[in-house]
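Residue numbering begins at 1 within each chain, and the chains themselves are lettered A, B, C and D in the order written.
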Amino acid sequence: MADLSMEIAGLKLKNPVMVASGTFGHGEEYSELIDLRKLGAIVTKSITVSPREGNPPPRIVETPAGMLNSIGLENDGLKKFIEEHLPFLAKFKTPVIANIAGETQKEFEELASTLSKERQVKALEVNISCPNVEHGGMQFGCSPVGTEEVVRAVRAATDMPLIVKLSPNVTDITEIAKKAKDSGADVISLINTVMGMAIDAETRRPRINRIVAGLSGPAIKPIALRMVWQVAQSIKLPVIGIGGIMNARDALEFFIAGASAVQIGTANFVDTQASIKTIEGINEYLDRKGIKDIKGLIGTLNK
Amino acid sequence: MHSDLKYGKMNLMIQEKARIVEHQQIAPNYYKLTLLSHYISSNTLPGQFIEIRVCDFTVCPLLRRPFSIHGTNKDKKTIEILYEVVGLGTEVLTKHQIGQELDILGPLGNGFTIKKKGKIAILVSGGMGVAPLKALAEHIKAPARYVFMGCKKMDQVVCEKDFSKLGFEVQVATENGSAGKKGLVTDILNGFIDSAQPSELNEINIYACGPKAMLKAVSEIAQQKKLNCQISMEAYMACGIGACKGCAVKTTKGMKMVCKDGPVFPAQEIIWPI
Amino acid sequence: MADLSMEIAGLKLKNPVMVASGTFGHGEEYSELIDLRKLGAIVTKSITVSPREGNPPPRIVETPAGMLNSIGLENDGLKKFIEEHLPFLAKFKTPVIANIAGETQKEFEELASTLSKERQVKALEVNISCPNVEHGGMQFGCSPVGTEEVVRAVRAATDMPLIVKLSPNVTDITEIAKKAKDSGADVISLINTVMGMAIDAETRRPRINRIVAGLSGPAIKPIALRMVWQVAQSIKLPVIGIGGIMNARDALEFFIAGASAVQIGTANFVDTQASIKTIEGINEYLDRKGIKDIKGLIGTLNK
Amino acid sequence: MHSDLKYGKMNLMIQEKARIVEHQQIAPNYYKLTLLSHYISSNTLPGQFIEIRVCDFTVCPLLRRPFSIHGTNKDKKTIEILYEVVGLGTEVLTKHQIGQELDILGPLGNGFTIKKKGKIAILVSGGMGVAPLKALAEHIKAPARYVFMGCKKMDQVVCEKDFSKLGFEVQVATENGSAGKKGLVTDILNGFIDSAQPSELNEINIYACGPKAMLKAVSEIAQQKKLNCQISMEAYMACGIGACKGCAVKTTKGMKMVCKDGPVFPAQEIIWPI
């Protein structure tokens, strides 16, 4: 068995496979189906200050090798997260990464400072990349200025490892990543969903109520991998790879491209065991290749 | 006091490979699929569903597809699915043959609440809505039992015998009049209600499943006449277990998830149009 | 039979289904397999001033519901196009749209003015969106300034209908589209390929020699449709929809979103009959819906 | 003067649905597929290939997969494909059964040029490289005919009898020594050349197909000894007909497309590594 443990900006993981925000709820549902203890970390659904009802349905639709979603950050809000969901997650001893989404700089501050007091939360992931909300979200993550604003505010409010989750809907991802770094990010995670759209030609109606939505799943894997590689090449911060990872082979591509960890998102819907199988498959690969430690694989693309 | 049989989520879900033991076309575009599942066959409540990965070698189709449990056989350890081919996923499903395995997730959702109060049970189905209603029918003990089935045309009238055997009176409406009454299933329902004694109305429990437009119409009838009515909703689904918040439906109690909070809802809770 | 004819900025088409640049060569190969006369238009492989050898192999790889390519604009050059390929295409009387790619503003000028003299060429499509070359290409198309530079130059050199083909690898596609319009474009076509990457985990080598390549095929359809919709909403120019169109149903989504024509790219590889079947399928749909003229479908999304 | 049988592209290609008439596993991971194709069965040159759409209901796998024509039967109107399962596309191909149809495009590419000059024909195959070489063998009339086959292990040694029947002397090398000589097929080739009379060397024509490393080694041997040698190349393909410029290979005459200019090239034209 190879060594899968990883330390990212002080965040200790027994393995570098996490579940992605918004695709795993707060773990309650999946706990019936998989052993949460086996996961490297659990990234929560985005937490907002106040509870959010989310967007009107329809919210999801399948596309070729992918899906569109426009959930609109439906969640119970900060208070209920701490009172109800966090105690549940705490039982499993798997590091919890709280994903936070503010509409304003101030909300981000509040989320960060409040959650930093929770012992069970081991890191924060700042969602400046949600395409499905009116305020905040991608508005921040698609400009260097917006990125700086949010990241500085969160940095001032927390001592925890600070992960900034980037949107792929930009001309130059490295510019945003650099800005995040300079503003205090410890880790860059990417990608959030790609803006997309689908229409029902029979009814001529948009498949998603808000028309434009976020594309995830295998379809976007090449885009995600490219951006992870670009960011890993251009800045000296650990990178978490997200986007279309269905299995160990996909995950390995991200490590080779420079990721220090990966997150499994849409794949959880397709196969509830996807995260566990990915961990097993990485192990098998490393053993087969005689690689003793996954850290020896990171950023080893043979050009 | 009568205590209703509240079929909430009291069984755990599992993901497993289930072998196909039967798979046949029962009407144009309608198929019946029987799967071997020790666990689900003996842990299912009427109205619950499973999610099937319709093809495991490709990511297109990607998401699992939800199907109501149409029947269970505890002795044979099997569950039955009745499905209509409407798109890629169901098309691909037809290609699977006896002996092959399908990756399934279930049982999912909350079933119907079987009302002890009320002497008259009316099942209202539209098209494939018949799928969960047959499973439900087996549990209904009300002295007067009716199924009103709405279908596009004669071909699509299925399961009549199953209901008859269970002591249900079956009334059919088809849009083109090729079987039963010409018209909509709500015509039958309205007719029934109009000719009912006022005292009988209190005894009616409606259980409905079908296309949205039909469910809406049934709900409106029920609400007007203040009849007890449960409807099983459909929504596009990803996770099927309440984690993704994709299958939302607006209710008087806020957004609910069809997969986890439903698929069965009290009719008056749904805010139309959804 | 519905009326499929379309006039776009003076360019007359018997139907609005074209084949996309780079996926149909100069028509020679496909002429053995389909009746070129049935196509709305043929967009040539990008033409450069001098012949180009293209990028070293491997140049292509399949991805989930898509493919990556890094051809690098391999082509015989302007002279040979006019002497050899154009006479062949002329035989079919199907409008030829010459797709041009310069490394510099001057090259674009030369291409435009030379090709404008060819009677068989009915319009120019300006490729400022190729992700697979060192000079020119996406460098132009990913900034408003670069876009302006090229489009002005070409506009000055031609009176032909001027189609500008945009890159999706930008933060705000409407900004680029507006700049193209203001600089003299008659028509906007989009999208070119999305930058992506793939790695062979077994060898740890990039699947494509130049590492980063262009993603096309069904995987990108939601992205293309979204951008077509955004551009059609924001500027008053005809739009040509491109990206992942495999069949009539896909094409119809683009018309409903606001496209006046579509181009079939990767689908030609999967099914040589894809373009013809798309035309037939559109006809069938319009008849079934009782729509007499395809123009009545454009931009009719029921919101 | 001898005039070579130059098998250039002199047949038109078509796209059609071809019925599967046989499909069997002939070794671990090796399958033989027989398709009904009136046109291609009587219009194919040795070394040409077809592109198969391995699954028509999904876009994943998306692109067609190229396979050499392994044999044709003009009477039965069939063509044969020999393939190895290496990834998703070939895995999916195995699922197709007799009676089903596959969408094929062909015949594609240029075949081998059968050299009239030279008394000794040597076919050098590595792994699945045997597929087109068997089709070629049927056309070779040189008095001395050899096949040198390189395989990983015994299991993968296929088609020996086909070649024997055609009067070829078959020599096998396996990497683990489980059949024939232990070693590489180039060991056999080197041995043959080393023990040949200098006058014989002029008589040799080599036709090779197999993995790149093998083709490179064979090419180097041929170049050193100035032997006539043709190799059939592989490349990842999209269109298969020369339109996309995806399957490029560097040659002394500039970039060439494996699908249209090849897949067979004079060995000395390829610039290694590719």
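The rule is short, and it goes like this: contacts are C-beta pairs under 8 Å (C-beta built on N, C-alpha and C of every residue); 3 or more make two chains touch, one makes a residue touch a chain.
Small disclaimer: the values here were computed from a predicted structure and weren't measured.
Undergrad: Work out which chains are contact partners of both chain C and chain D.
TA: Looking at chain D and chain C together, the chains touching each of them are A, B.
Undergrad: Looking at C-alpha means, what's the farthest chain from chain C?
TA: The most distant chain relative to chain C turns out to be B.
Undergrad: Where the CA atoms of chain A average out and where those of chain D average out, how many Å apart are those spots?
TA: 47
Undergrad: Could you state the distance in Å from the CA-based centre of chain A to that of chain C?
TA: Whole-Å distance between the two chain centres: 34.
Undergrad: State, to the nearest whole Å, the distance from the C-alpha centre of chain A to the C-alpha centre of chain B.
TA: One centre to the other, that is 36 Å.
Undergrad: Which residues of chain D are in contact with two or more other chains?
TA: Residues 59-61 of chain D each touch two or more of the other chains.
Undergrad: Can you list the chain A residues in contact with two or more other chains?
TA: Within chain A, the residues that touch at least two other chains are 64-66, 217-218.
Undergrad: Hey, how would you classify the chain contact layout here, line, ring, star, complete or other?
TA: complete
Undergrad: Mind pulling up the chain B residues that touch chain C in the complex?
TA: For chain B paired with chain C, touching residues are 59-60.
Undergrad: Could you pull out which chain D residues touch chain C in their complex?
TA: Those in contact with chain C are residues 12-15, 53, 59-64, 103, 105, 235-250, 254-255, 260, 274.
Undergrad: Once bound in the complex, which stretches of chain A touch chain D?
TA: 64-65, 218
Undergrad: Please output the residues of chain A touching chain C within their complex, sorted ascending.
TA: Residue positions touching the partner: 63-66, 68, 142-143, 169-171, 194-199, 201, 203-206, 211-212, 215, 217-223, 225-226, 229-230, 244, 249, 252-253, 256-257, 285, 300-303.
Undergrad: Taking the complex as given, what residues does chain D use to touch chain B?
TA: 55, 57-61, 88, 91-92, 95
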